[in-house]
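Heads up, there are several structures right after this.
Two complexes follow with subunit A in common, the first pairing it with subunit B and the second with subunit C.
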Partner chain A sequence: MEQFLQQIASGLANGAIYACVALALVMIYVSTDHINFAQGEMAMFSTYLSWQLMTWGLSFWGAFVIAVALSFVMGVAIERLILRPLHTAPILSIIVVFIGLLAIFNSMAGAIWSYLIKEYPSPFPKSSFGIAGVIGSHQLGVVIVTLIVLGLLFAFFRYTPLGLAMRAAAQNPQMARLVGVRVDWMLALGWGLAASVGAVAGIMVAHIVYLDPNMMAGILLYAFASALVGGISTPAGAVAGGFIVGVLENMVAYAGNQIEQATGIYIIGNGEKLTVALIIVIFVLTVKPAGLFGRVVVKRV
Partner chain B sequence: MATSKKWVLGLVVLAVVVPLLKPVFPDAISDYRLFLVSTMIIASIAVLGLNLLTGFNGQFSLGHGAFYAVGAYTAAILMDQLSFPYWATIPAAAIVCFIVGYLFGLPALRLEGHYLALATFALALAVPQILKYRWLEGLTGGVQGIVLLKPEVPFGLPLTEDQWLYYFCLITMIILFWAAANMLDSRSGRAMMAIRDQNMAAETMGIDIALYKTVTFGISAAYTGIAGALSASAIAFVAPDSFTIFLSIKFLIGLVVGGIGSLAGSVIGGIFYVLVDNSAQALSQFVKNGLGLPFDLSAYTVFGILLIVIIYLMPTGLAGGLQAVWRRFQAARG
Partner chain C sequence: MAALLEVKELKAFYGQTQSLYDVSFDIEAGGITTLLGANGAGKTTTLRAICNMVRTTGAVRFDGREIAGLATEEIVRLRIAHVPEGRGTFTSLTVDENLRIAAYTRRDKAGVQADLERVFGYFPRLRERIQQQAGTLSGGEQQMLAIARALMLKPRLMLLDEPSFGLAPLIVLEIFRILRRINDEENVSILLVEQNAALALDLADHAYVLETGKVVMSGPSSVVKDDENIRKSYLGY
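Up next is the complex of A and B:
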């Protein structure tokens, strides 16, 4: 039983990470209809930035804040410089550009910081607090930090004029432009925010998966699964999807473990995590493309 | 058409004759270079597979590395477990990959644009893990992979192993490109392209879209799978970690550089990515010593930058872009 609770707790901690990355994906998807295949690599790059800042002597949280701010600038710059001119380009061009960005970020991180796996510190006190034995302090910290970030984002979009303008620009660009919202800057800001949220996720998860240029590949795949489960056009759904998928992932591995212990037959375990995500992605896409909370889009022909 | 046919014939004759001159120019035509050209041939077959799907049928795939892996593993397992001769693994890999591709094409029918890219991207990410699956370990050799033997020269021909490998790849490539050209020139090929250009109009004309899309997926996977099988024979080794997402990215760069929807472009694209991949070391040295920058440049930085630049400057690929420049030059001369 305790093991079961542990699995749920660590599933929630993973889910918090997936929720952040999924939210970043959805923020870009909602406003531009693009799926950012480079989201994970951008987050990885931000995490390396924070690591670099720490080796230069900054405290964890100092590096955290600066890295998140730099990520924001990076996101805005990518949107303005690279994606803006491709607004009317065919889908294939956009996908190719995202894959190009993915390759650039990945190889640059490897070039600058090498492909050696690095330890990444945890900012949370070592002593086990919370529900002892069920959830580790880092996991609990991750959940708290991501909940704070998600809360801040929610407040920003819900209660500030800028957030309202951004939502307007995403929902109905023409009308938003008519009432004086600078739509293209709103898109760029959305990109910046997405990059920042991704950076938070990367920095939080680095202690668990260790720092290396390919650290986000699996997480990005799970974030895709989360966004799809929740409905890729609904930010709240993506967050919920993140937690659902996080717990589901651990439950599948746990169930596989139990089956192996009971019957001695190995079916599924920790080694098949990405395959589970692949199955979730294809299952949701083919069976219920709108996800659990999404709206079904009816296309006029 | 006539002149382009002459060109192709000339190039084929050149490709057949040059390696035979090895005894005359032993330095210029080394075994290593022949092996490199063989990998280029394999690459262009793989890119052609992706091109059939994306360029001619309008379905995206970021996961063709998966079919390459299936082809390579099919060949390796057949050679390793059932001691198939290497040449017999090519049709076997084609059949297996056709079935896998066709089956993947079924859910893909419901996906468009971004979503199909997403599903295939997910596939590409998961492939190395699937290959390591414990129940398959007896066949796939798990993380260690499978070590094979290089193809032997048949009939006592006076060729080196690399020369023979080169000819084997070349013959396969010529057959496959000939088949693709004929298919595209047929009623089926026109149907494929009609689906790409005007889905609904094609349907109105009585084209069975579901059938064509899934079969195209199968054929495309079969082409890329054949390339995988050839690579298993050529490298004489397969292991899960050579089939990461970056393999699929290489096919994508081949597709984009060569030109989306161009048969000849597939060859250019394949040659290109192997060249860049192989000169990465020299390039990195140049950046370090020549320009004095303090990091190791990898091929993927070049690939990434090129992907973006080409989309901006030459949306028809390197070949198409140069052709356009050439035409403008011709027009300027009068």
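Up next is the complex of A and C:
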């Protein structure tokens, strides 16, 4: 039982990370119909920035805030300088740009900070945080921080005029212009926010997966799966999808271990987590192509 | 009286295809002007060209200021409200959000609230639907929402693209009555594009007739309405 709870707890902690990256993907997807393949590498780069700031003597949270803010600027700059000139380009050109960005961030991080795996600290006190036997202090901290960030984002989009303008710009850019919304800037802001959310995910997960230029590769895959399971066009769905995939992959491994213990036959274990999770994703999409929480968009012709 | 909007030698292009050739007209401040013509004559394109939503050349002067070449959103911020073809409803937003989006840059909450009340005065039905998702409104209600949203911009000029499209005759009459009131009470000039020429000529005080991207004739509505040649040749009724 204790092991079961532990697996759920660690699934939720992983899921929180997937949820953040999935939300970052969805934020760009809903306004531009593009999947930013470089989202994970941007988050990795932000994590290195925070690490660098800490080695220069900043506290964890000081580095956290500055790295998230820098990521926002980086996201806005990428949209304005690289993607804006391509806004009428065919989809394949944009995909090539995303892959290019992925490679650039990856090798830039390698060149600046080397490919050696680094330890990354956890800001959460070990002794007084967490619930003994169920959830570790870092995992609990990750869940809390990401829930706060997701809550702030939700409040921003739901209750502020700027958030409303961003939603309107994503939904119907032409009409948004006709009520005076500066749509181009809304897209850039969306990129900035996505980069910031990604940075939070990177900084939170680095203690678990260690810091290296390839740390986000697997996580981006999970996040993509999460977004698809929840519904790529619904931000709340993508967040829910993140937690579902996180818990699911641990449950798969847990069930496999239980079966092995009971029967001595090895069917699935930790190594097959990703495979099984992706099979489930494919299954969900076969049955519900718009994702669990997505709506099928019907266009009147 | 000086013209509020002057359009001179306006040309518009979709890609390589030219769809407006030398369209010129004036709109008097405070008046209602209508653009008439058959399908494909360039009525919608003219409205889109004024707001720089298509590639254009030529001069567009609003209140003495050259606005051709400004970005669409900047033109709108000069208080030119465009109610587009198809109503442009933000379907996943609520009615309330659809209206407030037009005031999102404003910081005076009391002023925005007062404008909402003013707009609900014209369209009481929208108040009943305020928290409803806008995509679930009927066609007539969505048209009312589109006009109401335009009013939230406190426009000096409203461009209306076929407000009667796809609506039941009774609803159309109601909307046209409201447009008359808006013109009277808000001191808003209106440029109206309509397929329904009879209806448009009743509302407007001046009319321009377009054919294949050119202005072929113009005059006071009463004159255009009574000219049998024009009616038969261009308006088809």
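One rule holds in what follows: the second predicted complex is superposed on the first by the 281 of 301 C-alpha atoms of A that agree within 3 Å, B and C clash if a C-alpha of one lies under 4 Å from a C-alpha of the other, contacts with A are read in each partner's own complex, and residues count from 1 in each chain.
Quick note on the criterion: contacts are C-beta pairs under 8 Å (C-beta built on N, C-alpha and C of every residue); 3 or more make two chains touch, one makes a residue touch a chain.
Keep in mind that what you see is a predicted model, and the values were worked out from it rather than measured.
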item	value
Contacts of A:Ala165 with subunit B and subunit C, given as first, second, both or neither	second
Subunit B versus subunit C as contact partner of A:Arg182, first or second or both or neither	second
Touched partner set for A:Gln174, first subunit B, second subunit C, both or neither	second
Partner chain(s) touched by A:Tyr266 [first = subunit B, second = subunit C, both, neither]	first
Touched partner set for A:Leu81, first subunit B, second subunit C, both or neither	neither
Touching residues on subunit A, where the partner in the complex is subunit B	33-35, 37, 82, 85-86, 89, 91-93, 95-97, 99-108, 110-112, 114, 217-218, 220-221, 224-225, 266, 269, 271-275, 277-278, 281-282, 285-286, 289, 301
Subunit A-touching residues of subunit B, taken from the complex the two chains share	54, 60, 62, 107, 110-111, 113-115, 117-119, 121-123, 125-126, 129-130, 132-135, 200, 245-246, 249, 252, 256, 260, 295-301, 303-308, 311-312, 315
Residue numbers on subunit A that touch subunit C, as the complex places them	161-162, 164-165, 167-168, 171-172, 174-183
Subunit A-touching residues of subunit C, taken from the complex the two chains share	51, 53, 71-73, 76-77, 81-82, 84, 88-93, 97, 100-105, 149, 152-153
